[in-house]
Amino acid sequence: MNHLLREEKVFKDPVHNYIHVQDEVIWSLINTQEFQRLRRIRQLGTSYLTFHGAEHSRFSHSLGVYEITRRIISQFERGAYPDWPSDEKLVALCAALLHDLGHGPFSHSIEQAFEMHHEDWTCKILLGDTEVSSVLRTIGDGFPEKVASVIRKDYDNPIVVNLVSSPLDADRMDYLLRDAYFTGVNYGTIDMDRILRMLRPYQGRVVVKESGMHAVEDYLMSRYQMYWQVYFHPVTRSSEIILRQILRRAKQLYGQGHEFLFLPDPLPGLFQGELSVRDYLLLDEALMQTAFMQWKNESDTLLSELCTRFLDRKLYKYVELESCDVDRIQDIRLAFAEAGLDPEYDLEIDFPSDLPYDVFRPDEASKEKQILLLDHQNRLREISEVSDIVRSISGLRRGKNYLYYPDNKINATLDRLPRDIAQIFEQKR
Amino acid sequence: MNHLLREEKVFKDPVHNYIHVQDEVIWSLINTQEFQRLRRIRQLGTSYLTFHGAEHSRFSHSLGVYEITRRIISQFERGAYPDWPSDEKLVALCAALLHDLGHGPFSHSIEQAFEMHHEDWTCKILLGDTEVSSVLRTIGDGFPEKVASVIRKDYDNPIVVNLVSSPLDADRMDYLLRDAYFTGVNYGTIDMDRILRMLRPYQGRVVVKESGMHAVEDYLMSRYQMYWQVYFHPVTRSSEIILRQILRRAKQLYGQGHEFLFLPDPLPGLFQGELSVRDYLLLDEALMQTAFMQWKNESDTLLSELCTRFLDRKLYKYVELESCDVDRIQDIRLAFAEAGLDPEYDLEIDFPSDLPYDVFRPDEASKEKQILLLDHQNRLREISEVSDIVRSISGLRRGKNYLYYPDNKINATLDRLPRDIAQIFEQKR
Amino acid sequence: MNHLLREEKVFKDPVHNYIHVQDEVIWSLINTQEFQRLRRIRQLGTSYLTFHGAEHSRFSHSLGVYEITRRIISQFERGAYPDWPSDEKLVALCAALLHDLGHGPFSHSIEQAFEMHHEDWTCKILLGDTEVSSVLRTIGDGFPEKVASVIRKDYDNPIVVNLVSSPLDADRMDYLLRDAYFTGVNYGTIDMDRILRMLRPYQGRVVVKESGMHAVEDYLMSRYQMYWQVYFHPVTRSSEIILRQILRRAKQLYGQGHEFLFLPDPLPGLFQGELSVRDYLLLDEALMQTAFMQWKNESDTLLSELCTRFLDRKLYKYVELESCDVDRIQDIRLAFAEAGLDPEYDLEIDFPSDLPYDVFRPDEASKEKQILLLDHQNRLREISEVSDIVRSISGLRRGKNYLYYPDNKINATLDRLPRDIAQIFEQKR
Amino acid sequence: MNHLLREEKVFKDPVHNYIHVQDEVIWSLINTQEFQRLRRIRQLGTSYLTFHGAEHSRFSHSLGVYEITRRIISQFERGAYPDWPSDEKLVALCAALLHDLGHGPFSHSIEQAFEMHHEDWTCKILLGDTEVSSVLRTIGDGFPEKVASVIRKDYDNPIVVNLVSSPLDADRMDYLLRDAYFTGVNYGTIDMDRILRMLRPYQGRVVVKESGMHAVEDYLMSRYQMYWQVYFHPVTRSSEIILRQILRRAKQLYGQGHEFLFLPDPLPGLFQGELSVRDYLLLDEALMQTAFMQWKNESDTLLSELCTRFLDRKLYKYVELESCDVDRIQDIRLAFAEAGLDPEYDLEIDFPSDLPYDVFRPDEASKEKQILLLDHQNRLREISEVSDIVRSISGLRRGKNYLYYPDNKINATLDRLPRDIAQIFEQKR
C-alpha cells in the first residue's frame, strides 16, 4: 500500500530547481543501494572528455525524469481529464524513476562490447533479489512486475507506457535540459513548462494541444542540435572507440588465458558473459577506471597503451571520409595490414547514422513513436502534417563519416602506405 | 621559451562560457597525465551526497581559475598599469592552472586522516619526474621552481602571489560560481565581470577601485551564504565523518596486520605513510570507491559496515548540541562505552569553527589577507573600514555544533544510556 | 459570485515564466481600462535614466504580485493548513493584483510634489465609478470595500493583510526579482521557490519555517544591496530632483497665472489640487513626457531648461557631502543667493535616510513588520534573534548625503562663492 | 579627430552585461537629444500588448548593436587580419550606434500609414542641423556623410556595410537576444560568443569559419521561431491594425477639415506630409499615446472608438482564413457593405508573407544577403549548400492568413450576412 510522507522531501536540482518527493515508496526507492549505484555511472558516458562539465550521473537524470513525470501527472490530475487513469500514478512514477536502473558503466560502449541491453538488466533488478524489488513489493506482490512491464512497453494500459516512453517523454525532456546545462551548450534550452501545460491524456496516449505546436517544434530542433553538437561529437566518438577497444582487447586476452595483474570480481564474469544480478550491480565506472589504471602496467602493450590513451586523454585523431573513400574501406584495411599496422585496432570507421538515431523521423515511425496534435475540434494529426519545420528536418539523416586512428602509429607508417591512402591522413595538418 | 598557439583553443565551460588557451605551454600542461588525473577528483568531495549535481571535478575548477586569472591579467595589460610586471604573466597563469594539482581523492578527508597537505604534493609534482615538470622546463630550467614558489607563497614578486592567492583571488571566484552552478543553489552568483573591471595592480598587490565596493560586499555575502548552505551542510559533514572513519579503520587494520581481500597499490604505501610522487598520482576517487566496494565484503564488520554506509548513502544522523551539552562530551563518551557502544566510532562531534574557516575576518587577518580599496585620491583602505555590511559580517563566526551517530546502534541502546544523555538523541523524532 | 474560466489563461512573463489566471474576475479586472493604464506607468520611475533596461511597467509588476500570491495560497491549500481561511482567497488575489492601481506617473515624485498618496487613489478607484469597481461588484456588493480595506490594512482578517503587505510579501518579492531582471543587476536573485515552500499560515500571520531561515537571510541581503545599488543610485536621485523641480515650477507658474502654451486636462486640476477619479486616471507618463516636450518652448526659461534637462538627460551633477558640510547647508544657500544663484532650484540636498527606507529594521518594527520563524516545536521567534547576519545588517542605516546642482551654472559662478564653499564643488574633477 | 575617454564608461545591460564606451565621440553621441529620444520609442512597437515584458526601447537596442559591433571589431583587431581595414573602426561603430536614429513612434505602422522610411530620416538627422551631426563633424567635415552612406549601403568600403547590415549582423543578433530576454520567450537564445569568435573579415565581407556552422544554424532557427512566436503573433498584428486605422482615420479627418480638440505640433505636419527634421524629432510614442488619450473624446465615433480599443486593449478578434476564403475577400467586403458594416475599417486581412520577411531565403538573396562559410582551404560556400537544416528551412514561407474584425459589430450583424460568410466568424466560439 502506498503511503504519503508526513512531510514532502525535496532535492535541490540545478535543472528543475526542486525535485519533490511525496510518496514513501519513492523515497525508499531512492535510498536503495541499486538506485544509489547510479551515482557512479555518468549520464553521458565519455562525453566529459569533450565537454568537461558533463560529469553528471544517471542518478541526477533519473530524479529529473521522475520529477517531470510527476509534474505531468499532477497537471493531468488538476485538469481532471477522464482519459487519465488516476490509479496508475504510482506505477508511472516508479517506472520513470527506475527506467535507467540497469545501465552499466559507460553504457552504450559496454552494451556493444558485451551484447547486453540495459532494459533487460533493469527488469532483472526490478524482479530479482534486490532492495528495489523489496521496496516495490510493499505496494503489492505483483507491483515489481507491473513496473517492469511498463519498461518492457507491454503494460496493458498503453497511456502509461506512452507517458514513460515516447518521442516527447520525460526521459528525453530531462536529458535535453540536463545535458545542455552540464555541458554548457545552450542548444538544449526548451520551454518545458509550456510543453507540459499542453500535454493531454487522450484515447490511450499523451498528445499535445495544437497551440503547443511551436514549443514542440523548438524541442525537436533542440534535439537535432544536441545530437550533432554533443552526442555525436567526434571527440566523444573517439573516446568511445578507445573504450570499446579496451574492452574488446581485455576480453580477447581473457579468452586467451592471459593472467591479468588485476581482475577483481565481477570482471571475470563479465568476460565470460556470466553475470548474476548481484555481480552486475558491482559494475560501475569507478571499477572500470580503476581497472584501466592498473592495466596501464599490463604486459600486453596494446591493452596498456589503450588504457593510457583513455585515462590521459590521448585520443585517436580523425579525418572526415568523403563518400568515395567510404567505399574503399576494405582497401584501406588491407593496406594497413600490409604496412604492418593492425587493421583491427588502428582504424575504426564510425557512421553516426548506424546509431540508434533518435531524431524524429515520422515516416518510419510506428504509431507509438509519433507526436500527435489535438486541435480544438478534437481531431488528431501527426505533427509533421501540420508543421513545415518538422517536416523539413524529419527527413534529414545524413551524418559525416569519420575515420579514427592512432596518429603516432599512422604517421610513422605513412611512407609504407599507398599514396592515395596516405593522402587521406595527410589532410589532417 | 613560450610560444603562442597558431590558433587559440577553447573549452566550452558552463560557468565562464569559453575558456581560452593561447599559450602552447598551457595547452601542453592541460594534456599531461597529472592534470588529466584531476578529472577523477571531485571539486566538492562528498557534497554530491547532499547536492546531487555537485559531481564536478577539480579539472573543471582548475581550468576556471586559469581563465579568471587570464582575464584579470588581460585587463591589467589593456590598462597598461605600470604596477603590473608584464613578464610575470606566464608564471601566474601556470600557477593558477596548477594550484590544485596535488589534491588527493576526497581531499580534506584524506589530508586529515593521513596528515598530508595538498600544497606540498603540488610542489612535489611540479618539481618531480612528471610530465608537468617536463612541460614547464621547456620555458626554462628554473621555471618549475618559480611556479612552485608562487604556490608556496614565497615568490619574490608579491603581486603574483597576491593574484593567485588572496581573499579575492581567481580560485575563490571560480569555486563560488562553479559550486553554485553545479549544486543549483543561487547564493553564489556574483557579478564577476564588475569585480574584474575594478581590480588594479598597485604597489605589489591587487586592490579594488572604491567604486567596486558594493560588488565586493556582494561577493563576501555570497561566500558567507555558500559556507553555511553548502560547504558546512550537516549531511555533507556526516558523509565526511564516515569517510574519515573508513580511512582510520582501514589504517588501524593494516597496522594490526589484517589481510585485506583487496589492497592494490598504492594503498599499502598510503597506510604506511610512504608514498612516492608516482604512487600518489595513482590515488584517485575511482580507486577509493572501488576499494570501498570490495571492502563491503571484508571480514571486519566495522569496516564493511562503514563502506556500505558510504556507498549506499546510509549516513549518520545528527543532532544539534546545545552549548551545555558540548561541555559534557567526555561524559557522553564514557556513557557510550559503558552501554557497550564504541565511543571512537559511534559518535563524532563536529565544530565547523574548527575548520579552515574561509569567511573574511579582517581583524585577525594579516596584511596579505585583507581586501584593500583604492579611492580616487589613490588612498588605500581596508574594506571593513568603509563598508558597514562587511564590518557587520566579519565578526560572525559562531557555527552550530552537531553530534553525529549511527542511529540504528544508538536507538537499540537508548535504554542503557543515562536518561539525560538518551534525551539528546530522542529529540531527533 | 466567482466563476472559474473554462480554460486557464496564461501570460508569458520573463520573471515567473507564466502567470496563470483561473478566475473569471481576475481576467476581467486585468482587462479594465484602469488596470491597462498601469502599462503607461513605469515600475521604477526615472531609474531608466540610470539603468536603461528598467523600462518595465507597473502592469507587469502587478501581474507578478498576483502570481506570487496565487502560488502562496495554492501552497497553503495543498497543505490544508487550518490557519488559512480558504474563503479569503479571492479577496487576497484581487488585493494583490490591484494594490498599485492608484499609482500616478513617476509615482514618488508626483506624490511629493502634490501631497498625494497612491493608496488613497487606489481605494478611490476601487470604490468609485470605474470598470474595476463594476467587475468587483459582480462578486458581491460589499466586495470592492473588502478589497479596499485589505489595502488600507484594516481588513478584519489580519492574515490576508499580512499576506499582501509584510516584510516578506508578494509585492517585495516580485519587485526584487523584477527590478533585478530588467536593470540587469544580479543582486536581486533570490530563491523564491524555497521561500514560498517555507511560508506557513499561523495564528493570523504568515510565518516562515525555521529551516527557511537562510533563504530569508539571502532575501534580506539582496534587498539591502538593491537599495544601495539601484533604488538610491545618485543618478536616479538626480533625475527625480529635476522632475520634482519641473512639477514645482509648473505649479508655481500656474499659481502666478502664467499662460501655458500647452496644458491639456487634467493638468490644471492637478495644479489646483482638485482631481476627480476620472481626471486622475487620465494622468500617465505619456502625458507628462508630452507636456515636458511641449514646455521646452515655454517662455519661462527655468521651466524650459528643466524640461530639456529631463528629456535629454542632462542631469544635475552631485558631490558627496561630508557630515560637517551638511550642517552648513543654510550657509551654502545664503552664499548661493548672494552669488546670484537660485537656492531654491540650483541646489538640492538629498538624504536617502529620509526616504521610506524599506530595509528591515526589527528594532523599530511594530509586530506586523516583523518576520517570524516557526520552529519544529511551534515556537515563534523574530528572525534577528536567531540569525546573526540579519541582526548585523538590521542596524545599518547610514546613507551618503549628496548635494545636487546644475554644473554649468555653478561653474560659471565659482569665483563669486566663498572659497570654502567653492571647494565643495571643485572636488568634482 | 577621435579621442579616447580618460576612463572607459560602462552601461549595465541585461543582455550583454556591460556595454563599454571607450571613444569620446560615442559617449557624446549617446548624450545627444536625438539619441536620447530613442528612449521614447519602443523596440517592438505594440508587442507589449501581447508580451507585457516587451517594453524595451530602441535606445537599449541601439546600445546593444553598438556593443556587438565593438566586440566583433575588437576580435578582428586581436586577430590582426589583413582584410579588416582598421581605420574604418570609428565609422562602423557610429553607424552601428545610430542606425535606428530615424525610427518614428510605432515604427512600421507609422511608416506604412504615412509612406515614410526610417533609413531616410536617419540620414536626414545625421546630415541636418542636429546635435548628432555636430558631434560627428568633430571627427571631420565629411564624417556625417560617411556614416550616412554606410546606412544607405553605398559606402565605398563594402566590408563596413556588410558588418552593419547582413543576415548575420550585430543588429539582428542584438534584437534576437534582446527581444527574447524582454518578452521572456526562450526561443531567441543563441551562442553569440561562439558566432563572434567565428566571424572573419575576408575579401570585403564578413564570413563565418566553417566550424561555426552549427552555431549559425541555431541562430537561423532561433530567428525562424522568433518570427512566428513573437514578431508575427496575431494579437500583436491585431493591435498594429488598430493603430494603423487610428492613423488613417485621423489623417482622413484632417483632410476633411475636421477640427481636432487636440492636435499639437507636429501632428498637423505629419498629416500634411510636411515634416522638417526638427518636427520629426518631436514625434515619439509619448506624444502619440497622449493624442490617442485625448482623442477618446473626439466627436468622430470611429476615431474615438479606435483610440479606446488601442489604449484599453480591446483588440480586434481574428479568425484563420482557409485558402479558399482568401479568394473570396472581395465578396466578403461587398457583403459587409450591404450589411451596413464599414469594409474599410471593420475587417482587415493580414498576410504575414507580405511583410518584409526577414527569415533567410538564400535562393532569392543577392550576394550581399548570403551567409558564407570559409573552410580551412579558404574556400567560400553559401551556408545552405553545406547545411541540411538551413536548406530545409530556407524554402519555408507559408504563413497563416488571418481576418481581423471588431467582434461586437460583426456579432450584432451576423444575421444580415450571407450564411457562408457568417460561418467564417462563427467558428470563433
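All chains are identified by letter, namely A, B, C and D, in their written order; residue positions are counted from 1 within each chain.
Assume a contact is a pair of C-beta atoms (placed from the backbone, for glycine too) under 8 Å apart; a residue touches a chain by one contact, two chains touch by 3 or more.
If you're wondering where the values come from, they're calculated on a predicted model, not measured in any experiment.
Chemist: Relative to subunit B, which chain's C-alpha centre is the most remote?
Modeler: D
Chemist: When I count C-beta pairs in contact, which pair ends up with more: B-D or B-C?
Modeler: B-C
Chemist: Just the number, please: Cα centre separation of subunit B and subunit D in whole Å.
Modeler: Chain centroid spacing, subunit B to subunit D, equals 51 Å.
Chemist: Averaging over Cα atoms per chain, report the distance between subunit A and subunit B in Å.
Modeler: The separation of the two C-alpha centroids amounts to 32 Å.
Chemist: Roughly how many whole angstrom separate the Cα centroids of subunit B and subunit C?
Modeler: Chain centroid spacing, subunit B to subunit C, equals 43 Å.
Chemist: Going through subunit D residue by residue, note those that touch at least 2 other chains and give them in order.
Modeler: 17, 185
Chemist: Can you check the complex and tell me which residues of subunit B touch subunit D?
Modeler: 10, 17-18, 193-194, 197
Chemist: Within the complex, which stretch of subunit D touches subunit A?
Modeler: 185-187, 189-191, 214, 217-218, 221, 224-225, 228-229, 388-389, 392-393, 395-396, 398
Chemist: Spell out the part of subunit B that touches subunit A in their complex, as residue ranges.
Modeler: Of all residues in subunit B, those touching subunit A are 11-15, 17, 31-33, 36, 39-40, 48, 51-53, 55-57, 59-60, 63, 181-185, 262, 264, 282, 284-287, 289-290, 293-294, 308, 311-314.
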